[in-house]
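Each of the two complexes below includes chain A, the first together with chain B, the second together with chain C.
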Partner chain A sequence: MGKSWLRGYITKRLIYAVIIAWGILTVTFILVRVGPTSPADRYLANIAAGGHDVTQAVAAIEARYGVDKPILVQYADYMGNLFQGNWGWSFSTSMPVTELIKTHWIYSFQLILLSSLFAAFLGILIGIYSAVKQYTKADYTFTFFSFVGISIPNFWLGIMLILIFSVKLGLFKTYYDTTLPLFSIDNLKALVLPVITLGTGMLAGYVRYTRSAMLDNLRKAFVTTARAKGLPERTVIGKHVFRNALLPLITIIMFDLGSIVFGGAYLTEIIFGIPGLGQVSFNAIFANDYPVVIAVTLIGTFIVLLVNLITDITYTYLDPRIRYD
Partner chain B sequence: MDNVSLKVSNLRTHFLTRRGIVKAVDGVDFELRRGECLCLVGESGCGKTVTALSILRLFDSPPGKIVGGQISYDGLDLAKCSLRQLRQIRGKDIAIVFQEAQSALNPVLTIGDQIIEQIKLHLPLDYSMARDRTISLLSEMGIPSAKRVLSYYPHQLSGGMKQRVLIAMSLSCDPQILIADEPTTAVDVTIKAQILDIFHELKASRQLSTIFITHDLAVVAEIGDRAVIMYGGKDVETAPVSEIINNPKHPYTSGLIECLPDVSKTADRLASIPGTTPNPIEMPKGCAFHPRCPKAMKICKQQEPPEIITSKEHKVSCHLYT
Partner chain C sequence: MTERLRDIVRRISRPPSNSTRLINYYWQRTRRNKLAIFGLTFIIFLVLLAVVGPFFTLDPTLVDFENKNLPPVGFTIEQSVYNTETDDFITTKVSGTWNHPLGTDSKGRDMLAMLISGARVSMLVGLIATGIAIILGTIIGVLSAYLGGWVDNVLMRLTDIMMTFPFFILLVLIVFIFGPSLVIIVLAIGLTGWTGTARLLRSEALSLRTREFITAAKAMGASDNRVIFRHLIPNVISLIIVIATLAIPGVILAEAALSFIGLGDPTVPSWGIILEAGQNSLRTAWWVAVEPGIMIFLTVLAFNFLGDGLRDAFDPKSNI
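Let's turn to the complex of A and B:
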């Protein structure tokens, strides 16, 4: 089956993505500047201690960073630079924003990738098992624990895991060593607790969604047809039922991927001291490092938009009945 | 016995539900002879579909369970054999065509995939041989451009085409027995005629023993050799189709035949059997049909009627003939 219409659809969606990203960029740009804070704030103590004139010093700092100009001028400058691939200068770390992101994105990516794989793989397996064994003790047990998992806030879980497994039992170190290779044994060990912290909520959700999506299809007539063919139960469940349950699951998994980029990964990085974009953005907010805040927000936006687009395209392959015209 | 392909004796399939035990099939006897088309006839809820599903143990379990009886096929009791043994028979020796082709096909797999899968499971053929076999089966079923249909998904085909695909699928491994569960119910009249033609042709071209489940006596008259009339989970009358139509013994069978509209007469209302099918959780005592039976006697309320052989090929369960 040709999917020639897909090309035009993707182009259209990409144009929308650019417009949405521009909108979010503009809103973020204004929001960070209308507050009563200034990038000079963190120097105030030093300025006062050094006996300098605060007003003059602040004005000098603001002039240096260019935040003293009218907001529209700042906006025009920023956009002009952005089109040339220049994301601005990070005030607090004294390096180009692109440089900063280049150094740190991989740690976020690693954490998110491992957590998502952990949650999706285990969650789907348990969910299928729960659905096939509906109303058995195993199903009730998994259901109970998945509700617990969904209800636990992940910052709390992270702190508890550190307390129990690192502080009390000393099983895992809690710091990430950037001088070692990404996938070195030490760093992977350091990621065990963060992955559990970030993954547990998702995993618990996937158990529930997989279970219900499987149950929706388990009693359908085509499942009886599959059994009537003489297929082993493994094929009936794994191929005929699961292929039909996959569509809602992909939606949820992709949606989660978008939301953890902004939410869970952020907090988890801070709790476990992982030097990813969450950490960078957290520091930038407290330092009023506007260009970094905007850049990280923009990257998140693009990821969410891209993931949504990929999801919609995946649908057409998973369910041949779907067309976007 | 050589002439008999499948023998069902005193089959009882019950469903354990929260409201009680549903005795969907409660003592059914029949034999399917080689090459014949045996019709299972009855109203909705009489147990005919569960009987068919029981043969391959395809009902949901739990809650369903075969609680008694035998299903003899090829020296094996399908009611008791292991699931592993049964899987080798499903789709290979005994195939089933379901009533709603729309929902009986998997919406996310191609037609080719769904048929080839079954062939490769049971026959020692490689992919391209299985594919060729599928194409010729589809053409045999009167599906135009069968080769292209292989890559189609079910939603791209009409209802009649889907029903043909299902029949092709069921025949894909040359089964000995074909069970057709109301294959003409969910399609319109013209398609129904075409599907029946396919069954006629199959009967002529293959030595196939068919169990045809229907509530439509007109279909029975057209396609059946013998018929088993079912009521309340039991077989109440078994006879050759001509006997059933011209010389019905059981008051229920007579009732069914009277319900057939007669085009030579004008009538304001069509005839019907008063009442509804009994609640399968609380079957009436005695003969299950007695509350609706115009000829009910005192004994009908107390005792289950015995099976009476009225002639060599005709048996009926009714107190009228004791």
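Let's turn to the complex of A and C:
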């Protein structure tokens, strides 16, 4: 079949993504400008303690950060700087924000990747089992526990795991050891509790989504046809039902990235002291380190945007029935 | 979350009207779901606790270092106590007392009293922020569908932009910029949480817009206002109820998580704030972290059970 419409579709999606990105940057800019804090705030105490003239110093600092310019000039500067990769200077760590992010992103990435794999693998398996054995005891049990899983606050779950496995049983360290090499067994062991903390909520969600997506398809006519042809049940479930349930599942898994996974990873990193971007942003909040907090927000948002774009495009390959014209 | 909500739209098509018979019918259907009833009972209990509880408990802000780190009733822990006469630490066994049934924290404040005043905060935040989000989402969704054209385009692009922000990270940014006060937290959650509702109500209103009864109302000369408020909105009420019930736990969790990372209102003892303090005293007083977490967990679970039960009850295709 022809894919000529696909190029037009991708172009359209790309333009659309650029518009959204522009909107995100603008919303963030407005938030920061409307907010009551000024970059001079963090120096006020020092200035006053040093016996200097506060108003004069504030004016000097604001001039340095360009806050005294007209709002439109500030807006243009802000956009220009971001596009040139000039994301500002982190006061609290004394390095450029881009540098800070380059050293820390890998910790967030490994946590999110491992948790997603764990949650998707187990969640899809349990979900399929639950759907095939609908209304059995096993199904009810899994459904109940999936409710528990989505309701449990993940930061609390993390603390409970530390309390039980680290404080009482002494099986794991209470804090993530940052000296471990990334690709080692010890590092994997150190990530067991964080992955369970972040993965449980995702796992519970995937069980529910998989179950309902499977049930939607189990009753369809093509399933009856497949069975009538005498196909073994394993093939019917695996090839006919699951393949059709997979597509809506992928959307949900991708959608969760922004709403559940990033928020969860942020908290998990703080609880276990994993030096990822969440931890970086958390420390920056207490140091009143503006550029870092904004940078982490923007990176998270752009990843979501990018993933959505990729999902939409892969869709057309995964399911040739989809046409967006 | 949104995916779950989208699922609801597909299922709910029958609107509850003002008729008591229909409400009775939905109640009968909800009642059959034991988990939903458990959820409802717990929520009623919690609301009562939040409203009248504080009149019966000790003062949650009362600091009492004589009785700090007392375990809950039935638990005994070993505590190192400094003895001023002999000038050294002695390990004594400390048991919980009925004066402080759920124990005390590191400042000797009564846990039961703190948890009950925390219930007040969580319920208020949950209800008000959800209310703002739902009203905003309904207005935007219905207007978008009803007016169409460029209004629809602008509103939906705005929704897309808001939806792309990772929810929690955006909240962190807003509360960081505007300062951690309860009003800011509630507004931040309410003003960012409307996107899912707007999308759902738009698609629901789009399909309703072409139905005969709307055309009939218009043909009889009903104004836009009348069509929207008398015909469109009453037909999506069941959907709104379900969305709200399923949105409240998310709000409670978000507030607790913000408090937990130090962006809570320090003047209000919410569950998240107690939990945050408890994390630092895990080794000496585990219950300070355990108890507020159980409260958050049960509350969120109760709302999820009820919301799911209501969704099934409103769904004419589900055979319950």
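As a working rule, the second predicted complex is superposed on the first by the 271 of 325 C-alpha atoms of A that agree within 3 Å, B and C clash if a C-alpha of one lies under 4 Å from a C-alpha of the other, contacts with A are read in each partner's own complex, and residues count from 1 in each chain.
Definition applied: a residue touches a chain if its C-beta (ideal position, glycine included) is under 8 Å from a C-beta of that chain, and two chains touch if they have at least 3 such contacts.
Since the structure is predicted, the reported quantities are computational estimates derived from the model, not experimental observations.
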Chain C versus chain B on the shared chain A, clash or fit after superposition: fit
First (chain B), second (chain C), both or neither touched by A:Ile196: neither
Which superposed partner A:Gly300 touches (first chain B, second chain C, both, neither): second
Touching partner for A:His240 - first (chain B), second (chain C), both, neither: first
Geometry of the superposed three-chain model: angle at chain A (Cα centres of chain B and chain C, steps of 10 degrees): 80
Which of chain B and chain C A:Asn308 touches, first, second, both or neither: second
More chain A residues in contact [chain B versus chain C]: C
Which of chain B and chain C A:Gly230 touches, first, second, both or neither: first
Partner chain(s) touched by A:Val58 [first = chain B, second = chain C, both, neither]: neither
First (chain B), second (chain C), both or neither touched by A:Leu163: second
Smallest separation in angstrom, by C-alpha atoms, between chain B and chain C in the superposition: 11
Doubly contacted chain A residues - partners chain C and chain B: none
Touching residues on chain A, where the partner in the complex is chain C: 19-20, 23-24, 27-28, 31-32, 35-37, 144, 147-148, 150-153, 155-156, 159-160, 162-163, 167, 208-209, 212, 248, 251-252, 255, 257-260, 262-263, 266-267, 270-271, 281-282, 285-286, 293-294, 296-297, 300-301, 304-305, 308
For the chain C and chain A complex, residues of the former touching the latter: 1-4, 7, 35, 157-158, 160-170, 172-174, 176-179, 249, 253, 256-257, 260-263, 275, 278-279, 282-283, 286, 289-290, 293, 296-297, 300-301, 304-305, 308
Residue numbers on chain A that touch chain B, as the complex places them: 1, 219-222, 224-232, 239-240, 243-244, 318-321
Chain B to chain A touching residues, read off their complex: 53, 56, 58, 60, 87-92, 95-96, 98, 100, 103-109, 117-118, 121-122, 151, 153, 155, 166, 169
